[in-house]
Structure formats: C-alpha cells, structure tokens
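If you scroll down you'll find the structure; I have some questions about it.
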Amino acid sequence: MSGRIVVENFASSVLFNNPLGDPALRQVPVYLPPGYDADTDMRYPTVYLLAGFNGRGTVFLNDTPGDETIAQRMDRLIAAGTIRPMILVMPDCLTRLGGSQYINSSATGRYEDHLVGELVPWIDARYRTRATRDARAIAGKSSGGYGALIQAMRHPDVFGLAASHSGDLYFELCYKPAFVKYAGAIGKLGGLDGLLRNLHTLRPRDAGYRAAVNTLAMASCYSPNPQAPHGFDLPFEPHTAEIIDAVWARWLEWDPVHLVGRHEDALRSLRLLYLDAGSMDEFHLQYGARIFCNKLAERGIPFVHEEFEDSHLNIPYRFDSSLAAISRAMSE
Amino acid sequence: MSGRIVVENFASSVLFNNPLGDPALRQVPVYLPPGYDADTDMRYPTVYLLAGFNGRGTVFLNDTPGDETIAQRMDRLIAAGTIRPMILVMPDCLTRLGGSQYINSSATGRYEDHLVGELVPWIDARYRTRATRDARAIAGKSSGGYGALIQAMRHPDVFGLAASHSGDLYFELCYKPAFVKYAGAIGKLGGLDGLLRNLHTLRPRDAGYRAAVNTLAMASCYSPNPQAPHGFDLPFEPHTAEIIDAVWARWLEWDPVHLVGRHEDALRSLRLLYLDAGSMDEFHLQYGARIFCNKLAERGIPFVHEEFEDSHLNIPYRFDSSLAAISRAMSE
Amino acid sequence: MSGRIVVENFASSVLFNNPLGDPALRQVPVYLPPGYDADTDMRYPTVYLLAGFNGRGTVFLNDTPGDETIAQRMDRLIAAGTIRPMILVMPDCLTRLGGSQYINSSATGRYEDHLVGELVPWIDARYRTRATRDARAIAGKSSGGYGALIQAMRHPDVFGLAASHSGDLYFELCYKPAFVKYAGAIGKLGGLDGLLRNLHTLRPRDAGYRAAVNTLAMASCYSPNPQAPHGFDLPFEPHTAEIIDAVWARWLEWDPVHLVGRHEDALRSLRLLYLDAGSMDEFHLQYGARIFCNKLAERGIPFVHEEFEDSHLNIPYRFDSSLAAISRAMSE
Amino acid sequence: MSGRIVVENFASSVLFNNPLGDPALRQVPVYLPPGYDADTDMRYPTVYLLAGFNGRGTVFLNDTPGDETIAQRMDRLIAAGTIRPMILVMPDCLTRLGGSQYINSSATGRYEDHLVGELVPWIDARYRTRATRDARAIAGKSSGGYGALIQAMRHPDVFGLAASHSGDLYFELCYKPAFVKYAGAIGKLGGLDGLLRNLHTLRPRDAGYRAAVNTLAMASCYSPNPQAPHGFDLPFEPHTAEIIDAVWARWLEWDPVHLVGRHEDALRSLRLLYLDAGSMDEFHLQYGARIFCNKLAERGIPFVHEEFEDSHLNIPYRFDSSLAAISRAMSE
C-alpha cells in the first residue's frame, strides 16, 4: 500500500505583489498516507517540510537515482511501523534571490505570514488533519531547518514539534566567512547591480559566485531597509570586507543561538525539539547546533541532538531519524 | 500554448533478468509538442535525450529553481521559432552502478539493444513520429553525450543526427585519473566486495568514493568478463594502481577518439554531428572534443564544435544550442 | 663590489629564562653594504628586517634556487643606485610556538623589549649606523610586517620609517577563520595538551594542523594569562568554536586597524609608512591593508599603499619596492 | 662534539658551456663528521645526498625553524650511535628549468658525467674517503631519490648502496597528470616561448604554472631533441593534451619501473636498496615505489621498502631512516 502526492496550486494573497516580483501562485506538494482515501473519517498529524536554500516544496519530488523519493520514504517508514501515517506538506517560500528563510522581510515579502497565517489554516481546511499544535510538526534541512526552528520559536501555538537538520545556526560561522568571498568576487560579477540584474544568466565560473548570491539572499532576509537602493543593507563594506557592526547586529537578532533566552517558554513548550548536523558540514553547522544545544541545556530545556558522520550534502536519509522522533513524540 | 509530458512505463524484454538485477520496467518520459493533440495527422521529428552518469530520463523532469524544466525549455524554443515542434524521448538506461553508457555488456545488460532495438520502434509505433533516420536525432550530456555519439556511429541507419554535450571522450584524460583515486580509497571503502555490497548506503565521506564508483561502473561497461568475480575486470592493479595494458586496451576499443576511422562512413553520413564542452570541464572533456574534431577534420568529415566558458555542471542551457542545430539540420 | 653578511651571536638578557624555555642566545645576521670596510668613517642608515611566522633572521640567508639571496638583492639594488648603501639587521624573535609577533607577552617573553631596548642600541654601538630615528627603518613581511607596523606605532622615537609587506591586519579576517579549523582538528591532534607536547613531531597530516598551531601562537601573544594552564587564553570555546567576547576583545587591542586613533601622532610622525599586500593573499591581508589605509586617509595621515597581483607566498621581490621607498624617504 | 660543513666551489669542465647557459661553477657543501680533523689517518664512508626538484646541495643548509640542519641531524645520529661517522656530499645538478634529474641530456648538459665522472673522483682525492663502491652510497629525495636510484642502476661499480625517498617512479602517475594542466595553463603563461623567456619573473598565480614548469623540465631531461626549437620534445600536443606515443615511449626509457629487467644485475649487486614514500604523497609516488618493489620481488632482488604516514613535503626526518640503513649495510 502506498500513499500519494497531490501538488496543490496555492494562490497566496499575502505574497501578492511582493517586492521581488516573485509569483503569488505557488505549487505545494502534499503527501497523503496509505489509507487516507479509504477511511474518510480518519484524521492525521501533519508535518510541514521546508526545503533548503534555492529550494521549494517541489524539489522533494525530484528523482535522485540511488535514493528514494519522499513518497517512497514515507511509505517505507509507515509500512515498517517506524512512523505512524502522517500528512506531509511541502511549502514554497522561494524568492528569486534563493530563499526567504521562511520569515517576513520588507525586501522579499511576508513569507512567515504566508506559511503560518495562510497555508496552515488552508491545509487544515482542505485535508483531514489533526489541527492542533500537538499534532503539527515543522521540519526542514539547512535553510529549511532554520525555518523550522525560528517558526517553532515564534509560533509555539501553531507548531508543537520542530526538527532542524543542519539548520543555519551561529551566523558568525555559517554566513560571515562568505562576506570576504563576496568582496573578492563582486567586481568580476559586475557589482551588486550587475549581479542582481544577471542573477540567473551569470554562470558560476567564479568560485565566489555562490558566496555572493548566498550573502545577498541573507541580507534581503535579515537586514532589509526600504531606503536602501535594493531594499536591503549589506553587513560589510564591499571593498574592504570590513564588518558594519550596526547591520551585523540586525542579523544577529535572527540568529537562533542568540534567541534562546527570548523564546525560552516557547522552546520549553515543544513536544519535540530535534537538531542534528554532520560532523563534516561544509558550512560549520555542527558548531551552531552544539552552541544552541549548550544554551538549551543551561536552561534545562529538553532537546534531542544528533551529530552524524557526513557533510551538508546528499543527506535526505537523515529525515528517517527526525520523522521517527516526531512520530514517537506525538504519541507520548 | 504548451506541450505536455507523458511518463511511459516500458516493460523491457531485453532487460529482463539482467546481470545486475536492475528492473526491466522503466519509466520513459516523452515530451509532446504544443499542437500534438489538436492535429492528429501531423507527424514530428524525434530527439532521444540521454541522461548523464547516475541519471535516467526522469531526472530531466526534476525541478531546478532558477532554471527551466525540459518542457518549459521546449515550449519556449518552439514558441520563439528557434526549433520546430519535435517529440522528445528520455530513456532510462541506468544500472545500479550508475550507468550503462548506453551499450551492451555481459556485466550490466543489453542497453544498446534496449535503446535501439526495442524502444525506438515502440515509440514510433505509439507516437506520431516521422520514423526515418533523417528525422531522428540522438543527443545527451556527459555519459549521455557519449551514448549519443557511440550509437550514432554504430547505428547511422537509425539516427541521422547526433549531439554530444561534454561527452566522455579520450578515456586517457576522462577516466584514467580516477584509477589512482580508486586505489587510494578502496581500502577504506571495504574493498571491491564491500563497495559493491554497500554501494547505496556508503556515504561519500571519502573524496575517493565517487572516483571509485565511477571507475567500477565504467569497468562494468568497457571490460566485462563473465569469468571475473563480479563480471568485469579492472584496468589497473588496485594496490599499486599500475595499468594492466590488456584490459586498458579493451577500454580504448570503446573510446570515440579511436573509432573515427572504423566508423568513418557512419560519421560522414550524419546530417548533423555536434560536439561541445566547457573550457573548464572538471573531467577534461574539452580536450576529448578537440581531439575527436581534429580527427574528423583530418578526414574531411563535417561537424559542429563549440567550446563554451563554463564547467561540466549545471549546463542544461547548452541544449538550446544543440536543439537549434538539430532542428536546422533536419530542415536542410 | 659586494656587501657581506656577519652572523652575530647575541646573548639576550631580556630573553633569559623566558616562559617557553626558548634560547636566550640568538643568531642575528647583519648585512654590511659594499664599501663598509673600506671607508671606516662612513655611517649608514639601518633597516631592521623582520621575518614572518615560523621564521627568524637566518631564514633570510636561505638558498632559494631561482631567486636572489638577501645579500644579492641588496648588492643589486645598491649597484643600480635604486637604494643607498644601508645596513640590514635581521633579528630573531622566534618562539617554539612559531613567533612572538615582536611584542611582549607574559606567555612568551619580552620580545619588544629585546628588539627595541636591547638589540637596537647594541647594533648602534657595534656598527657604524646613523643612530637616529630618521635613519632607522623597520620592515618585514607577514608577521614581520605586523611587527614593523606595531613597533613603529609604539616607538616612533626609535623607528622613523616603517614598511609592512602583507602584514597581519584586521584580525577578524586574518586570524578568526582559523578558529573553527582549530576546533575541527584539535581532537585528532591530541587536544591542547597533546598538541603543545608534540608540536614538532606531529606531522601536518591534518589540514587543521597549521591553523591550530597558528592560533595557539597568536593566543600566546595577544591573550596571555598567567593563571591559565598554558599561560594564555583561547578566544573561543574549543568544542563549539563559539567566540569568547572578552578574550577576543583583548586580541583586538593589538589589531592595527583599531589602533590608528590611539597612535595617531606616532603614525603622522613617520617619514615613511608603507603597506602592501597581494590581491590574492591566502589570509585576506589585502583587506586589512585597505581598511588600515582608509583609516589613515580619514585622518589625513600620509602613507604609501600598493596592492600587487600575487598571493602571500614567495614574494621576497616585494622588498625591492619597500627598500627603494625607504631609501628615497630617508634622503628627503 | 660536532662535525662541520665545508662549502666547496667546484669548477666543472663537464658543465662548461652547457646548453641552458647554467653556471659551470657549482657550490658543493660537504659535511665532515666529528673527529675528522683530529685523527688524520681515519677514512670515512661517503654518502652523496641529492636535492629534489628546484633544489641543489646548498638547500640542505637552509634554516628551517622547528627542524634540524643537516649538520645537526648528522651530529645527533652519530652521537647516538645510530650511524657511524660518515662524510656527506651535496652536489649541485640544478638547471634553470628546475633540475637535470641527475642524468645527461643534450638539452640540459651532462649532469651524470659531472656527478659520477667528475665529482666523485675529486671528492675522493680531496677528502679522506673510503674510495670503494661498498663505502659509497647515493641517496636523495623526490627528484634526488630518482637520481640516486637511476645512478645506482647505471653505475653499480661506483655506488654500492642507494636510498630513494619518495623518488620519481612510475611516470604514468607522477608526471602524466601534469600534462593536461600544462595544456590548460600554457596559453595564459605566454606559450612555450613566453614561459621559457619569463621563467623566473612569472609569478605562480596560475595553478598550472608549477605543472607547466615541471613538465618542461622533465621534457628537457627525458626527451631532448637537438632539432626541436628549444632542444626538447613535449610528449603531448599542447592544445589537445593528446599523448604523442613516440615521445612518451622515450620518457618511459627512463622510468625505473621499466628498467628493473635491464639493470637486474646492478640492482642485485647493491649492498642496500632502500625505497620509501608517504601514503599521502601528492604526486602518487607511493604507488611507484610499490610497483618497483613488486618487480624487484618477482626477481628475488633484495630491498628495503617503507611506507610512512605523511605527504611529499617537509619530510627530511625520513633521512634518519635511510642513513641508519646505509650505515648498517656498510658494516655487514
């Protein structure tokens, strides 16, 4: 017995007319577990699965030879009894810069509002979910892991469980090293204007290209500024790579490792707070996870922390671990 | 107006009971151009589009944010008048080792027979193709580019046009450098037995993992040996990395740069012989293309050769160039 | 006509019984220009030439095939009239950790006192120098460039000219990125205790080895702490790589880019303030030079700034440029 | 008690007027053991120590902080009784291209004749050596290891012991991979003419620079051709990187792994045949050593083979092992 995928076309009012001119119509894949169609009274827990940088829900449907599709993964885990039947929702919060980090920003759009305020109730209305925070999890990888964590902290009434795989934590290590690469590459990429204009035709010949685009995207999320030429500030001088403390401080306002105190009650209220990262993560995210968990431990907030021997890439198999933890935590 | 994708489930008799235990049932996406359903008398040229190593037809359907899907690409090119309406067929010749190179091998299965002898006639029977070699092209990238070239050389009666993007040419440079990496990594990967047993659960922690798997796959294609423990010979001693000349010579029998003389008539008969490669190709494939074209030029065989400023990866935009060349060549 | 090298054996009282147990007897090569022995009334300007990390004066005497020795370089520049005859002094401020940065530290020894208070007067007494700050320059590369800059700022009465080639500036970019490498490598290196114990027998198999040793050495210079187990504090937690703000702040007290205001008068008094760095510096030192020069420019302090197309390594030819600038500035 | 270094200035007749215009006057450091001056009747075994690529005898005298000088190393080994008192001779067979590989070539000069025919007798005449092959060893690292091996094979009457540290063996792996880097870099380096003209002013900005220079140097040694524009042939086409079999075959005539049969008697006659290489050698030289030793073993030729956990660089400590083996083998 196997579940099925429905790809919803969701017309967002919240994203209508967003600053970057990204579409308001979004494709949202939904996985319905085996049995969903047979017993029409049954209600199911829901997991919101967030894609990483430069991704959106539909990338979970991509064919990766040698690996499972998300539907095959779910079918297998359910069939083995590792997880209970659950609905999976795969939102699209992508922007033309590569990602919204699942938060609101005057430079990109109101993606937090879209996700939490608009999509969750719509899914609950359209599918037979168990529409309570205790049966609603949010999980993701990389930028998606960040999104899961930040939204669980900000909306514990909506999400009662959170799982971050290799999530963006400790910006000092995961974003800052890219700034000097931006400084080194931006000239060859045509300056900020040139880079933004040619974002999708520029070929990544230059090693600094990815670092530059990544940095722009994060600035659009963490340091928006309606008065700035492109709607956001960079946290460093592009010629000298010198940190601009005032802008960098605004970034840190969004770094989970600095938010544990502020969101302590929310974090404590979670039925599950799961974090992992690979010991060879290319973006040093294992350190962010360690720091975050240390801060949880200092306050006696329960959490699950796994560090696995692998890198940042090609690790969808890690969802086996978080989905099992989510399923267990829901039944407790 | 837009075309549509049909994903066929093709039950291959040729691949039934193949040596690696790979499935005989294959998914074959087919792109039908705009207007295909409206005018049911119209017949169309066909392009067989071959995926690269570790790929199969369905990967052309994957969502890559910031880039087009294959259907969007075709729709745009047709709408702009850059190419005429054409059918696209995306075969699956994947093996559990990562690829068949689209040839027959006692170690993997009869993928050439499957592609040329089984799939082409089936497509011609099922869809309104123009079923002549002059309206049938074969194209691909990387291992798919190799497949296009080798099959056009071997079956000029079937394929009248061929396009190789960054195809595997000059094995001396594109495969040999991986052998010493295999030698350096195989111990940590559990030996040949261990690697084969754990192929899809081993994590690519070791830099040599990809080189090792790639090497195995190529050996399964180019130096099969029913008497050898795993059905194929390696062209080097695994401990010393010393080349075994006799096995290496069997590989070279499959290297297009050594086959120009043998298949001279076939190559000369093609309406289009298109090759390209990036000037920063990670596998040195620009050199193979240069060598191959030199040998064509020595014999006065016409060809189109483009070298572009990019690497081996993330270059689907290059299909714009080959598809346009295919379309032009068909109308001449 | 050629100059000659005398290698002095200098028994330092200041370095006697230093905390790391490094020798108090130091070899100090001195270059005497052509003509020094002939005209015994003639007095000469002096340049103190500081070696980089893991170096000492004698490394300037090393044979590098394809390049000049320091004596050949001086002879050529003098013969060509590019520089006037000058004495060159090449101090040894090496520690067993790789370097003292030419400053005092309770963890390493009083290297500033040795250099400025002990060696300079001894040289002036022993050789026919022009013993005034206007005829005494200090120059160096990398850590030696840092030493030149910091000592010219601290002792403008002693050194009237300073030249920093690719000097350590903007610790944020030149040291901080090594911290996470330390964190990643220190376990395999036997912990801090193990690393210190085996410093010179450990083979740099691990990519993090150099980063780890470099970080230790800098901590011994910039954040000494007599109460700490090894006499210094690390500016980060070794397991999480989290920055310890209080210790990091002590480092920044030694970062030239933060000292321009404090030493403004000294910097303004220099006859020459020369900085350069390569545009491909592996340690990002071109950015530090740019930041430092921006801060000089804001205050109207004169300086010479060159950015050349090269990396951090194998650039002794750059001394041609600084020595010429020193010679010119002395005659003005 | 410590030995001492004499740096001889040797005016070579053999190298006079050599094709590359390199000097005929060479500096040859000689290490004399403790006691040499006291007992003037005593005679000593001799070890000829050959420097690696881009090196010459004097580089053994360089100061490397954290490591011993060659004299310190010898003094320590002799004092500990690990080796008997021995004379060390450090020849200079450098060319402006980076090295002669210690062989004769019409493109570089008669370095084999210089070393074996000219220098050895001169040393025996000038110093109290035991002037027999059984008391004369030849050893070196990298290109110097190659030189030791090739000359011991060619002149077993002169050298009765040979030690190769990480010597150039199996050209297929140690040189061939550089050819495609040459092809990729030579355009930016000004072509072959430009590269040769600017050899020592070109900065190694381009990753291919070293590979290109190394390749030129080896071609000057292994495939000289008085008719060719620069006196040698390249074993590949510079634009396509295609191997030219006829030239490559001439290189292989100099590859020790192909010479075991031809020099079997010489190899068998050695009192010591010592080879090592690091298991992480950047030039894959551990594989060459394994292949060579396999071929020795097949013929029952005795040898000592060590593989150590380290790379190709910064491994002078390995001389402890070969010098001890040399000393032991002499006394047997």
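General observations
The first chain written gets the first letter, and so on, giving A, B, C and D; residue counts start at 1 in each chain.
We adopt the following convention: contacts are C-beta pairs under 8 Å (C-beta built on N, C-alpha and C of every residue); 3 or more make two chains touch, one makes a residue touch a chain.
Bear in mind that the values here come from a model prediction, so they are computed numbers and not experimental data.
The pair with more inter-chain C-beta contacts, choosing from A-B and B-D, is A-B.
Of all residue numbers used at the contact between chain A and chain C, over half are used by both chains, marking a mostly same-residue interface. Chain B and chain C have CA centres that are 57 Å apart.
Averaging Cα coordinates per chain places chain B and chain D 46 Å apart. The centroid of the Cα atoms in chain A and the matching centroid in chain B are 35 Å apart.
In chain C, no residue touches two or more other chains.
If the chains shown are joined wherever they touch, the resulting network closes on itself as one ring, and no chain has more or fewer than two partners.
In this structure, the chains touch in the following pairs: A-B, A-C, B-D, C-D. Within the complex formed with chain D, the residues of chain C that make contact are 54-56, 58-59, 61-63, 65-67, 94, 96, 98, 199-200, 203-205, 280, 309-311, 314.
For chain B in complex with chain D, the residues that touch the partner chain are 170, 172-173, 177, 180, 183, 239-243, 257, 284, 287, 290-291, 294.
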